[in-house]
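Each of the two complexes below includes subunit A, the first together with subunit B, the second together with subunit C.
The block that comes next holds the complex of A and B.
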């Protein structure tokens, strides 16, 4: 009988491969969402401010690059996660080993950690970058000072991927030893 | 019946409220969102950055020092070439008059404003239109007063503020009764709804009496109409900022609009000392937003002279020094005191990012700059150099 009793059964019934692939997808997806969000926030301010102060054009592209870096972190994590995604072990004959379940959960949450961390990071860098462009247009001395704030903001993304990678190191699909 | 029905929303419903037919004021939903820094830039980031760019071109103390050292108005034209104004006076014949100077400066401001407005997305587009309604009211009053005194319409149109031009403005001199004026000219303009409320408030004709007409409007009534229209406009704008704009915009604009409302209240009081305006009528004219509402305005309505006004304003820290006993040129110093307060508030609007208040603040700061330039030009051309430094400085 294929009846599920309650959430426990339902969640247990989801294949670890589903968890793993969703996690990998969200890692890159949410990171890119964060990066894009940040780029439009900083890019629109940069374009407008550069009308009166064209000198800020090249320097403030750094803000856009920091946002882009967030997307790259997401790509890195996704690639690392997918190396753990092996095909099912034929010896198991369809059964789900404990190791598989661990791997599935580990990869899912690793992906989500990286994804949400980078989402927040991307938005943060975007808002700081917008302020940086506007301040630089008024007074050129402010650029480097505000850039320091942006560097701290982009460190958030690095924290996220470090934790994500550590979580996923133990994750391997296959039979229990 | 018109108040916002959201539980925590304590907005009193002002008599001229134009709250849209939503059961819940949008502010209730909008304000509970995260701060607008996440999504403001989608539609408005470019324009905000442009306004900040324009702001950096506002004349600084050094520019004013240079202007003050000019000998003639033509010298001022040379000095202004080095600023953001550039060659805007290129084709003007010399000697340059102060009216031409004022006109060209204002035109430059209007060009920039329209350049921004044309690219604006809702709700910024509506916000920028609200900025123009004040000028529309002034222009309308100008045309009507001029028509009363049989002035030439074309001449009056030339004196209108360019930001407040609307279709049908020139036709405002033709109709003879207020009702015709409304139906012919005003009904399709954005300030039309304000006029209905003014008529309802002041002119409810008794049975058997003829309809109130434009010929009824003597000097006193014109000012009442102007102030009532402006009151309706301020309250409507306040409502708009509260309900349709983000929290940051409302924070910034609330302070600015309240200052404007208080300034109006004080000016109405001071200007109506020698007229037959009754206490109740005065009270009807005071806007219902602002620090002075309702206790301050109640006290102001009772004042009979300047000392009374000073006593009424004493509890309000911001306005305490406004009617200082300056002696010479007392009239001007009240205006200047308010201009200074306004300039400070408008400068502060630029301290925040991601709100619409900057657009209003920029227009007002540039207006003040034009007033300053004209003041300096007048002092120079009339050889009153000792009064040169009495302009309101914007940036130190």
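The block that comes next holds the complex of A and C.
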């Protein structure tokens, strides 16, 4: 009979490579989701407001670019994480070393940090960009002032990738050098 | 290869880094969610208010700055906890279960408090900037309410730091 006695059984039972690959995938997947969400929020407001004020169209594309930057952050983190994903140490013959488990957990949480942090950032930049377009349509002087709010919002994505990179620095699969 | 019956695996479990990194990650994730909500919600208020009173926009960016500071609280705790998690050396763990659970607690404390503070700053800032544009005497009141909201995030940071800096016995002493 197989019984799980606690979290330790569950966490030890899942392969560290599973943790690591899921984390890497979610890093880019969730970041791109956040960027996409932000782009459609901004884009729909932008085209709607530009019906009566077509002059705002080119200037407000910068809000869309801020959202795209969130997706780029996710790509950067995923590429950094995948460099840690070496194959298993052939000397161990299929067993999992302590270092591999550590690396699996580190890469999983690093990827989730970047993913969910960028998800929040992308939506926030989208909402701020939408308001920027609407305000710009009514009064052209407001564009730069409301853009300041968007810059604060995109700082959240930077926080996410800083923490993701710090968490993943010690994660090493495979043989010791 | 790993002798799972020896005493050290109970006190320095291989899964301890999972909890430590969970704390670091969630500190940042929830603080970012709170900061994002605060920035977006109060930003909407500023944008609507700015159409009729453009000269008050830069003064009203205060709730956005405070929401950003909530994100920084999460960043601080996440970096501290993430740096505390030590990689094992060969077969010897360096990070005890106690440290793992302490990091988990510290991270969740700061993160969820940051989420709460960010939501509070967002809603209070949104209505605050609109009201203080209509009635200038309300500006000081709005700032006071925002400061009390920010303090909630600060409480989470303080308790999170206390929890995250707790260290158990080093794993070598169990070997």
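Operating definition for what follows: the second predicted complex is superposed on the first by the 167 of 177 C-alpha atoms of A that agree within 3 Å, B and C clash if a C-alpha of one lies under 4 Å from a C-alpha of the other, contacts with A are read in each partner's own complex, and residues count from 1 in each chain.
As a working rule, a residue touches a chain if its C-beta (ideal position, glycine included) is under 8 Å from a C-beta of that chain, and two chains touch if they have at least 3 such contacts.
On a predicted model such as this, the values are computed, not experimentally measured, just so you know.
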| item | value |
| --- | --- |
| Partner chain in contact with A:163 - subunit B first, subunit C second, else both or neither | second |
| In the superposition, subunit B vs subunit C on subunit A residues touched | C |
| First (subunit B), second (subunit C), both or neither touched by A:53 | first |
| Touching partner for A:134 - first (subunit B), second (subunit C), both, neither | both |
| Partner chain in contact with A:123 - subunit B first, subunit C second, else both or neither | both |
| Subunit B versus subunit C as contact partner of A:44, first or second or both or neither | first |
| Interface residues of subunit A shared between complexes with subunit B and subunit C | 123, 127, 131, 134, 138 |
| Subunit A residues touching subunit B - in the complex, by the definition given at the top | 37, 40-41, 44-49, 51-53, 123, 127, 130-131, 133-134, 137-138 |
| List of subunit A residues in touch with subunit C within their complex | 7-8, 11-12, 92, 95, 97-99, 101-103, 105-106, 108-110, 112-113, 116-117, 120-121, 123-124, 127-128, 131-132, 134-135, 138-139, 141-142, 145-146, 148-150, 152-153, 155-156, 159-160, 162-163, 166-167, 170-172, 176 |
| Subunit B to subunit A touching residues, read off their complex | 37-38, 41-42, 45-50, 52-54, 56-57, 353 |
| Subunit A-facing residues of subunit C, complex | 1-2, 13-15, 17-18, 21-22, 24-25, 28-29, 32-33, 35-37, 39-40, 43-44, 46-48, 50-51, 54, 57-58, 61, 64-65, 67-68, 71-72, 74-75, 78-79, 82-83, 85-88, 90-93 |
